[in-house]
Amino acid sequence: MTETTILSSAARTPSREEIEQAFREAYEIGRAATITGKVADYIPELAKANPRAFGIAMLDGEGNRLAFGDTDTRFSIQSVCKVIILAVSLKTKGFRETFSHVMMEPSGDAFNSILKLDTRSNLPFNPLINAGAIQLVSTLADEFSFEDLMGFARELCMDEGICLDQAVYHSEFESGNRNRAIAYLLKSKGVLQGDPEKTVDLYFKLCSLSVTARSLASLGLVISNDGVNPLTGEHLIDPEHVRTIKSLMFTCGLYDFSGRFGVMVGVPGKSGVGGGLMCAARGPMGIGLYGPALDEFGNSVAGVKAMEHLSRRLNLHVFDY
Amino acid sequence: MTETTILSSAARTPSREEIEQAFREAYEIGRAATITGKVADYIPELAKANPRAFGIAMLDGEGNRLAFGDTDTRFSIQSVCKVIILAVSLKTKGFRETFSHVMMEPSGDAFNSILKLDTRSNLPFNPLINAGAIQLVSTLADEFSFEDLMGFARELCMDEGICLDQAVYHSEFESGNRNRAIAYLLKSKGVLQGDPEKTVDLYFKLCSLSVTARSLASLGLVISNDGVNPLTGEHLIDPEHVRTIKSLMFTCGLYDFSGRFGVMVGVPGKSGVGGGLMCAARGPMGIGLYGPALDEFGNSVAGVKAMEHLSRRLNLHVFDY
Amino acid sequence: MTETTILSSAARTPSREEIEQAFREAYEIGRAATITGKVADYIPELAKANPRAFGIAMLDGEGNRLAFGDTDTRFSIQSVCKVIILAVSLKTKGFRETFSHVMMEPSGDAFNSILKLDTRSNLPFNPLINAGAIQLVSTLADEFSFEDLMGFARELCMDEGICLDQAVYHSEFESGNRNRAIAYLLKSKGVLQGDPEKTVDLYFKLCSLSVTARSLASLGLVISNDGVNPLTGEHLIDPEHVRTIKSLMFTCGLYDFSGRFGVMVGVPGKSGVGGGLMCAARGPMGIGLYGPALDEFGNSVAGVKAMEHLSRRLNLHVFDY
Amino acid sequence: MTETTILSSAARTPSREEIEQAFREAYEIGRAATITGKVADYIPELAKANPRAFGIAMLDGEGNRLAFGDTDTRFSIQSVCKVIILAVSLKTKGFRETFSHVMMEPSGDAFNSILKLDTRSNLPFNPLINAGAIQLVSTLADEFSFEDLMGFARELCMDEGICLDQAVYHSEFESGNRNRAIAYLLKSKGVLQGDPEKTVDLYFKLCSLSVTARSLASLGLVISNDGVNPLTGEHLIDPEHVRTIKSLMFTCGLYDFSGRFGVMVGVPGKSGVGGGLMCAARGPMGIGLYGPALDEFGNSVAGVKAMEHLSRRLNLHVFDY
């Protein structure tokens, strides 16, 4: 933690120039950090990403945009899709039913851990780890086709270009045995709905949606703005559900690093092993980051470093009341 | 989750009458909930508490106070002292050193779990579980006497009446073998500083400080107000450290219920098995609750229910931007 | 432990009458114990067994036979097939290669635990728990058809009547999601060979072989007699491999009850949730038991009680030197 | 596993010359293996041992003795004392009461694991891991002084020279925090009897008894000979209890290597991190080995290698019926 001065919580709103300057600095800091990470290799297709790539996109409630670096590069959404899955579940099943299928506690284990499933509870710990997302997908698979869900992702991300990355999907499908194990274990406990193979197939497709840093900024903005697309006025997610999503992103959004991200950045975020990081800051402001070089926890090193800087410079920490 | 209407996040500030009314309702709801909990019995002295007792105290930045029910009853602070221990560590050792002794991740395990210590990491998961607090106490024991630390607790809680509850302390000392086990395990890993017996003795004393709901409201106010006592203007904790404390209270403050409290209440809180619950809400506003009937996770059932109501009625959820 | 007198280890060999009498007593004791157990219900087809059924069969090296009770009832071999799988692996892959796929340590966990797979080692703990047997099946599936393996089971059990119980197989197939989870987890670790679905399918078929107490007595005799069928003189398993099999049956053959069975009975045994228990006693002597009412560990209550009696009366404990 | 020829189980008894030759070879094999191990360093005093030291002693029922290498060097008995503790408990409390304090299952975890204590059962898994031995010591501490127990050790080991190694004891006492953690955890569960500190103090003293390879050979002989000292005719342990001890040594005697030792050697053994290994072979025959260079599991590398050779050459495997 660099002990630099921060704006006091009573500080005036930063000017547009100050905001742009902060993002430019964050971009430089993140870009320099890329060399300290490693591209995911557990899915062959992900290993092809350029480890030095980095981009930040910002979109605020008035439609202002900023973009530095690789903000148009398409990459697979991976775990960031868990937020969309949760939003769909809350929208169609409601709060009560959603949380009859999954708990809402941070797990303290790695993103793909099977450990907790077998020791403490039959329900997955939360919807933002693999087990929880797979569980929710199983409850949605009857009602929604992949195309339906992709359509909702396009709306939330304001990006009609989102489509299935076939190469990643095939790679996921080939390598997804741990997720199949999770699905069959949940099935054996009587928790998973429907067919495990069909469930993980749909889950793999959702993880293989191709997005950009810009799409994630848009998604972050909608979440930041109580579920309303401020550019169109469209209500996409219920405000109560958005609050739930942001809370879970805060406590569980960055795998085993969630606690530290909460302390150091203090903005609800969700990362994916494709290198994406989506943040919903006050303002409203959505921030999308793309940097495929990952830290030991599976988060974009550049993304995390850039967010640390932005949080301090722009006073984004939610606990700077 | 009762699906009642909430104030929109753009809502006007509630009037004093509305605030008072919300607290009165919360008191009634909490009081009714006491029958669903059970007083802690793992320490004989705690088992003597009146399970139907309940009180809420509020203190805001302008010195306004509210108090309903048993707000002058003294009870032992228990785990709420972990926040004070963390504050002292941050103040005297700084951020970096503090988090070289303890991590900052939610653990997903029960408050007194030994499991994680032996499987994933030698460092305790966070400062708000027993292992983490004991570890930090071990690093403070050379520099600070119990009296020093009690003095700091009195300042933070604006309560000169805080003293050692001898009966609880003796009860802790007699029954504290699990905490001794944790201390010796940390020592065997080369993590704990100094003498395990001396460490747990000091820890037991800190857990046995007798507070009231009012004291916890004052503590919550200081934390809510960036570390400054608004009544005296005294700077008690550095604002950066306060942010860290609030973040950790949010992710780890209510044991295995932290994630759900974050979703349902959305206010940094810390509970203790003595029945106390201390919350630092925006405003600034400190809320102290006392209800010794506990839920299965060790949190005051009345306290949690009352906070759920207050959060909705007064728009306190931190993710209602 | 009933503290009855036992034959001293220097005792003369019991007469045929004494042996017959001991088995008759063991049958009565076992039969009385059936009421304390519960038929397995995790596979619907198993739940149909008669909980009061019980039979013991004995076959010794001179071809002497004893049979009490339900010794001709067919039931599914279940986990007893793990011994046959291990024998085939040792025979065709040899000791070194077999134990490059699986360890040889007791696990201390339940028969179907996934816990250990995810925490300590990528290899299953031993070949007599589900994970280990599935792993070995995966290494045999290319070379051997189900018919080949059934043929070997018929030879070892001297029972041409052994065939696939289609109802049990379908029940296994429908309910076997935990085993699928194990197979996919092993695959995801790069340990399982070939296709998980094909592997568990073959494993389910092997578990569904229908045997009798007599068949298990024959299997026990071959193992007891250094791998030679004493009635035909045929060498079915290498003596060194038999020693390995007996050692593993001793340390790991009765799930979480293996240690206690070793103390109380002291004869290498292997149980199955179908109610079978196969023992290889000195003599040579094979003992096959069938009692579908199970204890909390998944072992036949009647089988265990009967073996305790036989061990004491006939001095079968391997550590009565 | 070297695939050398072994004596068939029907083989004639080896001559005295053959036995001596086998021990000489075992000594050479063990001595050569010392370079592959590492002396224990978790207790400073143990780290002072000569890593190249190695000795084997044999004593049979007719009083024949063999001794090669460092068979008169004194070293601390460490975990081998667990066998003596178990023998005393069985003798004075009986089978039933002993196993009301401790289970009899292999744990599948490291010798000093705390994991299992906190997840599955409140009772230690077996008397031959630290938790189990500490638990039994707690039940004996009221009735027996250290001197009483040392006296019993002297009798069983036929060695009046056994005494407390003060340096090791102090080293144990200083470094024994993990064992203290285990004791306090057992106390917190209401399992441990009496005072944890007093219990571990007595346990540390018992671990610090200084023995030789010869003493362990004598102990092995008594166990091998149904509890009778064949040289004096004195009955030291009840034959039933000896059987229990041998069974537990077989399933749990070499930590995480017990299963493999059972397969490869097939003789009840108990190792200690001081480098001792005590084996009770058929014959009767006691074998004591000393080689302080340890493998990753905490067993003497030389001791294990030498026993593998002896088992094959002299047909000692208990499952060579």
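Should a chain be cited, it is by its letter among A, B, C and D, assigned in written order, with residues numbered from 1 in that chain.
As a convention for this text, a residue touches a chain if its C-beta (ideal position, glycine included) is under 8 Å from a C-beta of that chain, and two chains touch if they have at least 3 such contacts.
Remember, it's a predicted structure, so these values are computed and weren't measured experimentally.
A.B. asks: Between A-B and A-C, name the chain pair that shares the greater number of C-beta pairs in contact.
C.D. replies: Taking the two pairs in turn, the one with more contacts turns out to be A-B.
A.B. asks: Using mean C-alpha positions as chain centres, tell me how far chain A is from chain C in Å, no decimals.
C.D. replies: Each chain's C-alpha centroid was found; their separation is 49 Å.
A.B. asks: Distance-wise, how many Å sit between the C-alpha centres of chain A and chain B, to the nearest whole number?
C.D. replies: Computed value for the inter-centroid distance: 30 Å.
A.B. asks: In chain C, what residues contact two or more other chains?
C.D. replies: Within chain C, residues 119 contact more than one other chain.
A.B. asks: Taking the top-of-page definition of touch, could you list the pairs of chains it picks out?
C.D. replies: A-B, A-C, B-D, C-D
A.B. asks: Hey, which residues of chain B end up touching chain A in the complex?
C.D. replies: Touching chain A: residues 1, 3, 6, 8-9, 95-96, 103-109, 116, 120, 125-126, 224, 226, 239-240, 242-244, 246-248, 250-252, 256-260, 262-263, 266, 268, 282-284, 317-321 of chain B.
A.B. asks: Any idea which chain A residues touch chain C in the complex?
C.D. replies: Contacts found on chain A: 113-115, 117-119, 175, 177-178, 180-185, 187-188, 196.
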